[in-house]
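Starting off with a structure, shown below.
Here the chain labels run A, B, C and D in written order, and each chain numbers its own residues starting at 1.
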Amino acid sequence: MRKTVCDLHAELVRNSLVAWTAGNVSGRIPGEDLFVIKPSGVSYDELTPEAMVVCDLDGNLVEGDHAPSSDTAAHAYVYRHLPEVGGVVHTHSTYASAWASRNEPIPCVLTAMADEFGGQIPVGPFALIGDDSIGQGIVETLSGARSPAVLMRNHGVFTIGKDPKAAVKAAVMCEDVARTVHIARQLGEPLPIPQADIDRLYDRYQNVYGQRSTR
Amino acid sequence: MRKTVCDLHAELVRNSLVAWTAGNVSGRIPGEDLFVIKPSGVSYDELTPEAMVVCDLDGNLVEGDHAPSSDTAAHAYVYRHLPEVGGVVHTHSTYASAWASRNEPIPCVLTAMADEFGGQIPVGPFALIGDDSIGQGIVETLSGARSPAVLMRNHGVFTIGKDPKAAVKAAVMCEDVARTVHIARQLGEPLPIPQADIDRLYDRYQNVYGQRSTR
Amino acid sequence: MRKTVCDLHAELVRNSLVAWTAGNVSGRIPGEDLFVIKPSGVSYDELTPEAMVVCDLDGNLVEGDHAPSSDTAAHAYVYRHLPEVGGVVHTHSTYASAWASRNEPIPCVLTAMADEFGGQIPVGPFALIGDDSIGQGIVETLSGARSPAVLMRNHGVFTIGKDPKAAVKAAVMCEDVARTVHIARQLGEPLPIPQADIDRLYDRYQNVYGQRSTR
Amino acid sequence: MRKTVCDLHAELVRNSLVAWTAGNVSGRIPGEDLFVIKPSGVSYDELTPEAMVVCDLDGNLVEGDHAPSSDTAAHAYVYRHLPEVGGVVHTHSTYASAWASRNEPIPCVLTAMADEFGGQIPVGPFALIGDDSIGQGIVETLSGARSPAVLMRNHGVFTIGKDPKAAVKAAVMCEDVARTVHIARQLGEPLPIPQADIDRLYDRYQNVYGQRSTR
C-alpha cells in the first residue's frame, strides 16, 4: 500500500494537478483501521515508499519518520465516516479550484461526466484547516451523492474511491471536465444532457464497466 | 498493424488529447474484414502490441485477451459503412469537446484548417453508447463532407483516415484548430476565409501533397 | 548548418509552437546563395541532419533526398530580398495565430516585448501558398519594422534573425507575448507603455546586450 | 550555493515559468556580502554550477567567466535593503505578468493564497532597467507586506525568500494562484475570503508549518 500510494503521486504530477507540494493521496490499509498518506512538505520527486507515513483513523501518526500531510485530519475523517472508501485524494487543480472559488457546481454537459460523476460535481462549504470542518464538509456533501468529487469552496478538490487509484482517476477526470466545461462556457452555453440520459450513462458505466464499486 | 495501432496511442498522450484511458485508435487490417483496437480500460503506459485486440466488422472480439474498447461498436460501424476508411480515432480532447458541448461547428478561419478539413468541422448528433447510434451519427455527418473529423454533441471527437496514422493526424489537427479558433474568438471575431480560397487551399493540399487519399 | 537547423526544430517542439509537422526552420549557408530547410512532411522525431535539404535562393532543391518544406518558396523569397537575414522560422503557434486570424497586431504592453520586438508585432496580408505572395507579404511587412516577427493573416507566424537560432528565439518570444497579452486582455485593458520608454528599452536591449544584430 | 542556485533554475523550467532565458534565481552566500546569480543569456540547459557568477551587493561581478544576469542590479538592491532575504527570483510567468500589465493586484480568494501570501499579491511601479528603479520598486512594495511576491507593472514578477528555494516556491505559487484566480474570474466573481480567516490561515501556515521564516 505504501508503494501504491507513493506511485500514485506521480499521476498527480503527470496530469498537472499539483504545484509544488500541494496535493496528496492516501489509501486505507485493507482490514485495518489505518491508512497510508503522503508526508508533509516532501517534494514529489523525493517521495519513496519508505517515506510514506501510516496513520490511524483519528489521524495520529502510527508509523513513519516524517510528519503526516497537513491534510491528514480531513482524510482521517472521511475514512472514519465512509467505511466503503479505500482512497482519498486532495488537490488544488486549477480549473476545479476556479469553480470552487466561485461556489459553482460544474454542470453535467459531457457524456464522460455522466459516466464518472453521474451528474454535476457539487461544491462543499468553506472550511478552515485545523479541526474536523473540512472532513465534515466533504462527508456531508458526498453522502448520498453520485459524484466521487467535491469542490471545497475557495479551496480545492477532494475525491474518494474504492481504492487510491479510483480516487486518483476521479481527481484526473474532475479537472478534465472542469477545464472542458469552463472552456465551453467561455463562448456560450453548453447544451444540457437530459437527466434520463445522464442516469442511463451513469448506470451503464458503473454496472457494465464496474470501474467504481464503492458507492 | 497491432504495433502501429499500439504506438499511435502514444501520439494521443504526447499531444495531450486524452485523460486517463479516455481515447482510442483502431486500424483496419488490409484485405480482411477485421480491425485492431485498444483494449478497454488499459492505461496507455501498459499498452503493448500483444494487448491490442482484433474485432470483426460487427465489433465482435476475434482475437485478444482483453475486452475491446467500449467504443468498439462505433468504430465497427464506420468500417462497415465507409470502405475507404482504414483508421478511426476517438478522443474527448478539451477544446473540440467544448465546441461539441455547445453544438457549434468550428468555422474555417485558418489556412491550416482549409488544408486539412476543407471547411468547417461539423457537429454530429447527441447519441448514447450501447447501440449503433454513435456510429450512425458519425457516418451520416462525414458522408459527403470534406472534414475527416466530427464533433459528437456533448461527447467528443471521432476522426477517420485512409490509415490509423492519418486519423491520428486529423485528431491532432482538430484539437489544434479547435483551440486556436476558440482563443481567437475570445477577443473578437476572426476574419472569414473566402470559400474560393478554402477550396483552392484544400485542393492543393489534397492533390499536390496527397497526404489524405481516402475521401 | 544542417545540424544546427535540425536541432533547432526540437526547440519548436519543446516550446509547444507546433502540432504534427506544421512548422519549419531554415538557415542561410554563410557566404553562399543557399539555405538549409526542413524536408516536407517528416515528423520532428525523425529529423536528422542528413534528412535536411539544401535549396538555392529561388527555392529549388540543390541537395537532399526529400522534397523541401512546402513553405520553401516563402523562406527563399525572404533570403533573396533581405540579405542581412540568416534564419527564418514559420509556425502556426496558437496564440499568435489567434491574433493573426483577427487581423490584429499585438500591442506592446510588456517590457520583454519592447526589448525583443521594439513595439507591436504587425500583421501581414492574407496570402495563398503556391507563388511569391507569402514571401512578399513577409518582406513588405518587416521591411523598416523593428519586429523580427510578422503575423500572417488567417495563417500563422514568420520570424527572421541574423541566424536560425535568433529566428527561433523570436518565434518563442512571439508566442510567449501573444499568450500573455491575450490573457491580460481577457479581463481588461493592459496599460500602454509610453513610446519613449519602448524606444529606450529596445535600444538598450539591442545595443547593450547585442542579442540581435541584423536589423 | 552555486549548485543550489543552478539546480533551482530547472524548477523554473519544469513549472513553465520561463521562456527562452527570461528568468533568474539568486542566492545570498550566508555570512558574506555576496550572492550567486545566473549568468546573462545562457540557456537553462547549459547552466552548470561553474557557470554561475558571484556578485557583491552593489551588483559588481566578483567571480565568474560570464557577465551576470541583466537583472543583477535589482537582485543586489533587494539584498542590500532587506537583510533577512536569502533568495530572489525573477520571471515573466504568463498569468502573473498579465495581472501586472493591467496594474491589478491578485485578490486573495483561495486558501492556498492566504497560506503563502497572507492576502493579495501587490503590484509595484513601472520601472525601467538600467538603474535602481526596479530594485526600489520591489523593496518599497514588499516592505511591510506579507506577500513574498510583487508584480512589477508591465514587466513580470519578483519573489523573495529566506533562501533561494523559498523564493522559487513563491514564484511557483504566485503563477499558480495568478492562473487559478484569472480563470475563476473569467466566468464570474470568486467569493472573497473574510480577512479574519485569511489572517488565521496565514498565521497557522507561517507558524505551525514554519515554511517561511524571513518575514
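Quick note on the criterion: a residue touches a chain if its C-beta (ideal position, glycine included) is under 8 Å from a C-beta of that chain, and two chains touch if they have at least 3 such contacts.
None of the values given here were measured: they were computed from a predicted structure.
Residue numbering at the chain B/chain C interface overlaps only partly, since under half of the positions present are found in both copies. The mean-CA centres of chain B and chain D are about 44 angstrom from one another, to the nearest whole unit.
Centre-to-centre spacing of chain A and chain B amounts to 31 Å, using the average Cα coordinate of each chain. Multi-chain contact residues of chain A (touching two or more other chains): 186. Under the touch rule stated earlier, the contacting chain pairs are A-B, A-D, B-C, C-D.
Residue ranges of chain C in contact with chain B, taken from their complex: 19-20, 22, 40-41, 70, 92, 94-95, 97-99, 101-104, 126, 128-130, 153-156, 182, 185-186.
The touching residues of chain C, when paired with chain D in their complex, are 15, 109-112, 169, 172-173, 176, 179-181, 183-184, 186-191, 193, 197, 200-201, 204, 209, 211.
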